[in-house]
Every structure is written in structure tokens, then in C-alpha cells.
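Lettered A, B, C and D in written order, each chain numbered from 1.
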Amino acid sequence: MRRFWVTSCLFAFLGCGGGDGGSGGGGGAAETAPLGNASISGMVMFSGDAPANPAIDMSEEPECAAKHTDGPTNPIVSVTDGHLANVFVRVVGGLPGGPYPVPSEPATIDQNGCLYVPRVVGVMVGQTLAITNSDPLLHNIKAVPTENRLFNISQPRAGMTSNRIFTAPEIMVPFECSVHGWMNAYAGVVEHPYFAVSGADGSFTISGLPAGTYQLEAWHETLGTQSGDVTVEADGSATLNFTFGG
Amino acid sequence: MATSAVSLEPAAHVEAHELSFLRKYIFSTDHKIIGIQFLLMSFVFLLFGGLMAMMIRWQLGFPERPLPAGQLLPETMAPGGILLPEFYNSLVTMHGTIMVFFAIMPLLVGVFGNYLIPLKLGAPDMAFPRLNMASFWIAFSAGILMMAGFFVEGGHAAAGWTAYAPLSADPEWTGVSGGQQIWLLSIAILGLASIMGALNYITTVVNLRAPGMTWFRMPLSIWALFVTAILVLLAIPILSGAAIMLFFDQTIGTHFFDWTDGGQVILWQHLFWYFGHPEVYILILPAMGMVSDIIANGSRKPVFGYHSMVFALISISFLGWVVWGHHMFQSGMNPTLGMTFMISTMIIAVPSAIKVFNWMGTMWRGNIRFHVPMLHSVGFVAMFVIGGLSGIFMAATPVDIYIHDTYFIVAHIHYVLFGGSLFAIFAAVTYWYPKMFGRMMNSTVGKVHFWLTFLFYNMTFFPMHDLGIAGHMRRIYDPSQYEFLQPLAPLNRFITVSALLLFTVQILFAANFIMSWFKGKKAGENPWEANGLEWTVPSPPPHGNFAKVPTVYRGPYEYSSPLVEEDFLLQTRKLASDVDPAAAGP
Amino acid sequence: MSWILPPSASTFAGEIDFLYYVILVITGIAFVVVEVGLLVFAIKYRARPGRKAQYIEGSTKAEIIWTAVPAVTLVIIGLMSGGVWNHIKGRNSIPPNAIPYEVHVKQFEWNFTYRGPDGQLGTSDDFIVRNQLHIPVNRPVELQLIAEDVIHSFFVPAFRVKQDAVPGMDIRVWFEATKVGEYEIACAELCGLGHYRMRARVFVHSAEDYQQWLSDRAAAADEE
Amino acid sequence: MAHPALMKPPARREIGADVYSEKLGMWVFLGSEVMFFTALIGSYIILRFGSPEQWAAPGQILNIPLTAVNTFLLICSSVTMVKAFAAIQDGDQRLLKLYMLATVAIGAAFVGVQAYEYTHLVHAGFLPSGYSAGSELAERAAEGLLPVSVGVYGSSFYTMTGFHGFHVSVGVICMSFVTWKAYRGAYTKEDHRGVEVVGLYWHFVDLVWIILFTIVYLV
């Protein structure tokens, strides 16, 4: 982020440079009603044998290790009975015209047991992302995006919350914790509200759409992206499944 | 700058009318007004720097407790009143930066360089008065810019006042981008102001001395300021160059300190300390000089070994250039170089030792008047000795392995810069206050302030040696994270309480300073019965200083001279035996 | 308050601590001389009415003494330090039988790389342990400090060891632990917002325990 | 500056240096400038010894003939500056103005050529941060004809020559001011301090360029 320093300096003098990003909220964008009531849902599957996730050496972080009854692993490819979690699905084609309603509820990401929960989160441009710390130790959240502003903030105590707002769409903003090298998370920043993250059972739902034909794209941090088309009627629901291979 | 230097306007042109308020007090070219402007500016920054120190101390003493009134700070600095680590790092960085560049340095060089050089040399003003004015306003702008850094996104610079690359070079490592750039720019701008000041001082000392004011009749304060000006002139451009290189690394993507593309990380440290060690002497030499004046005055005796005092100053200023590596013993620098730097560092301690013994020699068999400036000056010597001696531990490379980057160095630098420079500043402000404002500061309040400061100062900084010996790292946000530091928590709390008390008693000084301005006892021309030229003119001196060019007949320290009845003898007083230097021919 | 150095557990401690106490005594003497001198002069020569100070401009003899004495003392300290310095940090000071480790230092972790069963660094059976350094007692070890982002500093107070890890530089530090036990590693160079928590531990094992630990770890690493 | 003491004829002073204050001030200032360029040149040497592989052979990227002409120009301007000073020492106002104008013109030409050189280099793909992606130079580097990376080479080239160019520009502005004053007849045979002081600065800038040209372009 090589913002021209003069701008920041001027902003400082004008007293509006306070960069906490959390105070304003996405309030600028008008809260509009959903453009439709149709929804697309589906399942993300994983075919074949799921690769083993690497074990995490938490021996020097007893507070975190205590939260993992069996040996902690890093859930990079999270497969349960063939269902793949942490896949970011969003509409990329056939979008209705804006403006899109910005959710007033913040998206959240928690640091718990020295892992990001969830590992993948979707957030709309202008929507608040609330980052919380449930561990009684220092985490820092370092994001080095390409389209948004870089930040690197710390949360030294449990119960802390920091709010961030992204100003430009970006797939994906990587988060990392420098204190715990294994901690990674990804935030999908989208300019519209039509996105979802597959849950532990591999399911996802995108709702609030008007009738139309849409192209969806599914993103996974190591397995790449896939896309598919689906048509949905007004107030109807449609299904689109993705399958990633090992 | 060059344009001012080539100004050909005759130095004297008649202006019969009164100057407007703006020209007289704000955009004044009078060295005395500029000196006072620097004084007020530096005191404000001293307050800022002190407040930052208090926040740092609170965090170290009470890591889990919210700062009093900490809720006033924004969420990005201290949510719930407890400092964040990144803000703590900014505070550590800015406390150092402000104290070094915007408090101690302008106090010593800006204030007293401006105020004393023309007055003590018998000159009407600086050689380049308008350059002098520009120097102040540029320094002032740099200060405003530096403070503005707190309000930009990402917070202020957080890489330490030494701004080691690559931490300072890439926003990724700290989350700070605008703040660090502002920091670098402000330092470069301040550097310009310092260079302008320094070339003015040097020219004035060389060319504007009154008749009879030979080199070895100059007071040690002027010698010190002269030598300091040379150090500023030659050291600051190194920092400016380094700061600009780092600024380019941050803004236009150059790779000077980027080890991944041909740059060198350690280059920053070499450049910084090549500037930085002369800077250390910039921060202490003027204090030494002024303390020499005041101790001679207080003891009513000539300075013991005036010539060796001058040669000690000069040799420090030479040796100061070849010791920078002692800041880098553990940096991975070639160990053989480490040996060389250790020896040169040991040698540079010798002139400092000479000075200490000469100050004691000055007091020996004196008739010591313990006025407030004298108290602070003796306090200076007593504290500077501790700072000097603790330096030997770090100069010895093997011991430095253990105490490098611990609280031992924090104690050391505060014994030199607070116990040394700041006590000297208290002394000098009190001593020349009557000349600046025409009134005396209250002596009782001054004495109470001295004793309380002396007490709380030692309670604050002396135990820091012990923290360092126990291995307590510097610049850490929360010492309770380490088992071996947990037993030190009570000591940390003690230091914090002492520091808060130390900060509080400075209210006495501030109140004394402000109240005396309006209500102080009127001072005559020479309230301390001193010898210098500044004491021959009214308090405060008029624009132009001297109604007629003074003639100097002797050195500045002829106290208790057998030639006269009184125990002081003004430099300008003509005795029957004195020969007029003008008559002696060129 | 204490000017006694904390307990030590490496071969360097003897030399460094001795030097420290020598300097402590010398500076202590100088400290007492100056402070007591100042106090005595302040009381003895305080202003009294009707008295004039003695007009003394200096004394070459006295000044030569107090130039020479500090100079000689300091040079002696310098020479004493030189030998110790060379032994600890000199280019060729690392004993040939030192066990090599690689330490990858990053914000804010120490990743210690151990030789695998083949006894060689840089092979595929190397394994990494985060924030834990396991070493045998009474055997020199050599750490290659590889900084991956900013400057850090490897500091083990109990071993009297400190060495900056500078990105882009080949930096090695060695030491030999003398007591079995567990000690803390700290980062001593400001390295960012997590600097204060960049803590790791050294576990000094007896030779047998160390071998046992090594083979356990290597087996565990092999399983994964 | 209103005080009577200032208006008296200059009193005899303890003379430390047998020069007037403006000239002394300029000498002192140049001392500072020397240290500034020492920092840059010193860093250049250290960086170059540290990463010799980043430096292209002389003339591979930089245009030596063009810069040689530019160097010659700058040396000529030093000569005209000397001539201007000599003219006013003789009290020759006409020649002073002529030579000052020439010096300003040549100085400005130097800056112009440097700007032209910069635009060409940037266009070819040589930036302060190294090659620009997809540029002509980057392609040649990919073919192995040029160093793989020239990051720190570009950094030091632009910083050093850029700061020198900045000094030249400041010099041109100052000399324009002096020229303007010369046209107003401000200088006499007895008092021509401005010409001498600005000349000192100009010769310094010239000298620095010769060093830079040698170590940045030729070596």
C-alpha cells in the first residue's frame, strides 16, 4: 500500500484520517430491500481420498492446545464424508443491477484455539468484518491485499474485537497471524451480497436473488476454482453442486 | 538556502519605524527572540515526550490495567484504555524521536546556540539573521508534521527511533505506512533546519567576535556550541541522506535496504549510527559547555584547566566519528571491526573523564554559591558520571553481548540525556532566564524542584540498571510474558510510580517558569555576578545587543582574581594594565 | 535491587561475568571517588561571607594524572575484553565438534531445524520444531540464524548469548550449555507488534536424553 | 536590523577567517553538502560491492556519449562562471551579464538533457525499482544480455543523479537571481559577493558531477 503520503497527511489535518475503519460502517450505502426472493443452494463435494491435513505443533501454546482434544491439525482441506467445507461460492455472471443492500450485520471471524473460525469468510464491500479473539494470548491479523489497504493489527487479550471494512472487491484477501505461522484465513470481498461459504456439511445457500440465469464460481484455497450455470425463477430455488477432486 | 547565503542586502539599513508585532515576535530575525521561540517550542515537545514516557511506564508497570484517562484514546491506540502493542511501539519510537530531535537538541543547540553565541561574543546578531528565522520556522513545521503522524491510518512510525530497516522499510511488517513516511520526511526537513542553524553558528563564531575576543578567550559554552555546530553540520546530512533513501524505499520502490533485491539491511545501521554517534555528542557537548560556565560562576573560581577542557571538546568531536560501530556489536558486523570500535570507544571515554575531574577541580577550594543553576550543574556532573561509567560496561564487547538491548542501555542513555543534558538545561534556563526575560526565577521553588527531581529521577532510572542486569529486554510491551522477567514486576512498578512522581514535580518548574515571567523579581544586568559579555547589557538586551561594540580584555573565567577587590571581573572591564586590542594593530 | 548477575548455564558465563565484575569494581571505585568528592567539596567549600575563592587556573600535573589513569585503565579493560570477544564471536571461534542447527526466524516465531537421523543438515529428513531448541549438555552447538523478514535478535539470558539475525546475512552463533534444564529464549531487537511475545525455550538434556528425544522426534516426523 | 549598532561602519573584529561571512557561510554549507553526497556515494560503493551482479556493464543501459556531452556542458558552464567572476572583478558589467546568462543557459540545458535521458531510460524500462515488467530492457535481461535484476542499480542511479540534478536546478535558480541582480547593476568591481558565492556553489555541483559521472556511468 503505497498511498501517497500527502493525502494521508492532509486527512490528518482535517481530522478525518482516523483510520479505525470500524466507526463509520457501510452507512454510506443506502439500505435497500433484497432485489428478489429466489435462492440457489447446493453442495460442495470432494471426490477421492481427502489429503491429510498437516498436524500443528501447539506445544508452546498450551492455552490453545487445551482447546483441541485430539492432536490439532490445520484444516486446509476440510472433508467430512465427501463433503467439502470452506469453499467460497459467489455469483460472477448474470448479476442483477445494483445498488445492492449492504448487510448491517457484520461478518465475523474468530481466533479460537489458535485457528481462524471460520477459515473462509465472505464479506461485502462496505460491510463490517468483525475480528474477535477468543484466545487469552496475542494474535495479530496481517492482511496484505492487492486491491484493499494493508493492515496489521494485534489483539493481545481475549475478548477483543476489531472492525474492518473493505473498499474494493477482492478474491481473496489472505489473513495470517505472524505469531502462529500456521494460522491462515481468507476473506472473499464481493461488491454484491450473492455469495456463501460451504459449511461443514458442504452445503451453501445464496438467497435474495431475482429470477435469472447466473454463473457461479466456487473457490478453494488449494483446490482451485470451478464454475457452473444455474437458472432460477422468481421466488423459486435452484440447486447447483460442485465437485472438487483430490 | 543558497539564496540566503548569497544575500547581498547591506547588513544595516535604516528602519526608523517600530516593527509590527508579527515582525517583532513571530517572524523575528532577532537571535534572542528566535532563541526564546525555540525554548517555548521545545518545552511543548518535552511535555509531549514526557507524556509518552508516562504511557510507556504505565504499560510496563501495570500491563493489564487501563491507563488513567486511557478511554480518551481512540480504539486503534488503546481499546478500553489498555495500550495496544502497535501503539506501544509507536510511543516508544516517538518518545525517543521527540526527545532527541524536538526537545533536547533544539533546547541545547536551538535555544542556547541562538541566544548565547552573539551575546557572549559581542556581536549584534547572527551572521545571517533571516536564515536564522527560516531555520526556526522550518524546524517548527517539521515538528507539526511529526505530530501529524499520529493521526494517519496505520498509526505513527513504530520501528523505534533508530528506524532499523527492514522493519521501517516495508509497511507489511508493522502495518504502518503513512506514519513512517511522515517520520522520515519530518526528520529530513528538521535536518535542513539544523544545517541552516549550524552554518549560521559557525560563521558567527568565526567572523563576528568582538575585538579582543580571541579563540581562547571564548567561554566554554561557546566552544561547545561551536564544536557542536560542526558536528551538526557534518552529521545531519548523513541522516538526511539515509532518511531520503528509506523514504524512496517506501514510496517509489527503490531497494537500498531491501535485501531481496540487492540492497543491504545493515547499511541503514551504518548510516544511522555514523550520524548517530556524533548526534550523541551533539546532545551532550553544549550541556558540558554551559555547565562549565555555571560551575565556574557558582564556585567563584576559574574553570580548572580551561585549555584542556577545550582540547577535550575538540578531541571528542574527532573521536566521535570513529566509534559508531559500538552500537552494532551484536549486529553480525565483522568481529574484528568490533575490536577496533571497542578500542576507539574506550579512548573517547578519556576526554569525558578529564572534563569530570576538571569540574571537580573547579569546585575545589572555591567559595561555592549554591544557587539553583549551580545545584543543577553539580547534579549534572554527579549524574553524567553514572552515565559515563555505565557506558564502559557496554563498550566492553563481551559484557555488551549480555546487556545490549536491555534496560541497562535505557538506564545509560537516560543518565546521559536526562541526568546529563536535561539537568544542564534546567541549570542553563534558570541561569540565563533573567537575561531572557528580565526577571529572576523563584529560587525557593527552584530548589524544591531540583531536590525532588534529583530524588525521583534517581528512583526512576537507577533501578533500570538492575532490570538490565537481570536481562530485561528494552522495547517490550509486556514483560510478564517471560518467566525470568516476572520477578521483576515489583521493580517495574516502583519505577513507574517514581516516573509518575518525576513527571508531576516538573509542574513546579513549568509554574515557576511561567509565573516568574510576570511576577519574578526584577533582575539587573548581572544578577549572578558573572564575567561574560551578556552580563554587561540590560536584561533583556535590546535589538542589536550592544550599544557600542564591546572590547574584550580577558578570558571569561576571571573569578576571584587577585587583581580586583570583587570576586568577579567582567571580560570588558578595562584595568590599568590592559592594552586595547585595536591599538595593538592587526 | 541487585547488581549480581542472574544464574548462568553456559561456558561463556564465566568469562563474561568475570569481566562484568571487574568493570563493576573499577567503575564502582570511580563512582565513589567522584560522588564523594563532589559531596565533600560541596560542603567544605560552600560560600561563607568574607571569604574569597582561591584563584587557581589549573594544574598540569593533576590533569596528566587524571588523563593517564583512566586511559590506562580503559586500555586494560579493552585488552581483557578483546580476548573474550574473540573467543565468543571471532570468525574462527566455532568449535569443530559443534552440533549445527538452522534457525529460521520470522515474525514472531523461532523455527529450529534439526539434523535428521542422517546427521546432516539440508537433507529431507531434517525436521523443524517451533519455538523449542533441544540441545545436549556440555557440547557446543552452532546456530545459523536465518532471518526471513526483519531483524531479530537471539537472546538466551542464562547463556549470556545474544546475536542479531539479519536478513540477507550469514550469521552463526555458538555456545555450550553446562547445566541440564529449561531456559528461555527472547527476541532482543524490536521486530514489530509481537516482539514482546517472541519467546521460545531451550531444553538442555543429558547426552542420553538428547539422543532419545532426537530419535523420538525423528520417528514422529517420519510418520507424517 | 534596525539597531544603530548595525549601521556603524564595520567595527574591527577578531578575524577568524580572512573571508566575508557570505563566502564563509557558503564554504561551511558546502562542507555539509560534501557529507550528504558522501552518504550517497558511500552507500553506492557498499551496495555495489555487495551486489556486483546487479550492475550492467558501462554503457549497456546508460547512454555514455549523451552524458559525456552533458558533462562537457557542465564543465563549460563552470568556465563561463569563472569568466563572469573575472569580468566583474575588472568591473566589466557587460561581460558579467553575458557570462552569467551563458552559465544559466548551459545549466538549464544540463537539466534538460538529464530530463531527456530520464524519460528515455524510463521508456526503455529502467526504473528506480528496477526493470519495468514487459519492457525492452526486461526482455533483454530475460535473454541473458543484461543483469537479471537491476533493482538496487536503478535505485542508486536515480537517487544520486536525481539529487545532483536537484542541486543543479537550485543552482540555476540562484544564478538566475544573481543574473537578474546583475542586470539591475547590483554588482560592482568592489562588491560582487553574490557572484562569487553562487560561483562557489556552482563549481561544487560541477565537481560532484564529475565524480558521479565517473563512478555511476564509466566504472
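One rule holds for everything that comes next: a residue touches a chain if its C-beta (ideal position, glycine included) is under 8 Å from a C-beta of that chain, and two chains touch if they have at least 3 such contacts.
Treat the numbers as computed from the prediction; the structure is a model and nothing was measured.
The most central chain, judged by C-alpha centres against the centre of all protein C-alpha atoms, is B. Separation between the centroids of subunit A and subunit D, computed from CA atoms only, is 54 Å.
Distance between chain centres (mean CA atoms), subunit A to subunit B: 51 Å.
The distance from the centre of subunit A to the centre of subunit C, each centre being the mean of the chain's C-alpha atoms, comes to 45 Å. For this pair, subunit C with subunit D, the centres built from the Cα atoms lie 48 Å apart.
Touching two or more other chains at once are residues 138, 152-154 of subunit A. Subunit C has residues 107, 192-194, 197 in contact with two or more other chains.
The complete set of chain-chain contacts reads A-B, A-C, B-C, B-D.
Residues 84-86, 89, 92, 158-160, 164, 166-167, 173-175, 259-260, 264-266, 299-302, 304-308, 330-332, 334-336, 338-339, 342-343, 346-347, 349-350, 353-354, 356-358, 360-361, 363-370, 378, 381-382, 385-386, 389-390, 392-393, 395-399, 401-402, 404-406, 462-463, 465-466, 469-471, 473-479, 481-484, 491, 559-562, 567 of subunit B touch subunit C in their complex. Every residue of subunit A that touches subunit B in the complex is listed here, in rising order: 1-5, 8-9, 11-13, 15, 17-23, 138, 142, 144, 149-154, 156-157, 160, 162. The residues of subunit C lying in touch with subunit A in their complex are 106-109, 111, 129-132, 192-194, 197, 200-201, 224. Contacts from subunit C toward subunit B in the complex involve residues 1-6, 12, 15-16, 19-20, 23-24, 26-27, 30-31, 34-35, 37-38, 41-42, 45-48, 51-59, 62-63, 66-67, 70-71, 74-75, 77-78, 80-82, 84-86, 88-91, 107, 149-151, 153, 155, 157-158, 160-169, 171, 184, 186-197, 199. Subunit D makes touch with subunit B in their complex at residues 1-8, 11-17, 19-22, 24-26, 28-29, 31-33, 35-36, 38-40, 42-43, 46-47, 50-51, 54, 127-130, 149, 151-156, 158-159, 163, 170-171, 173-174, 177-178, 181, 186, 191, 193-194, 197-198, 201.
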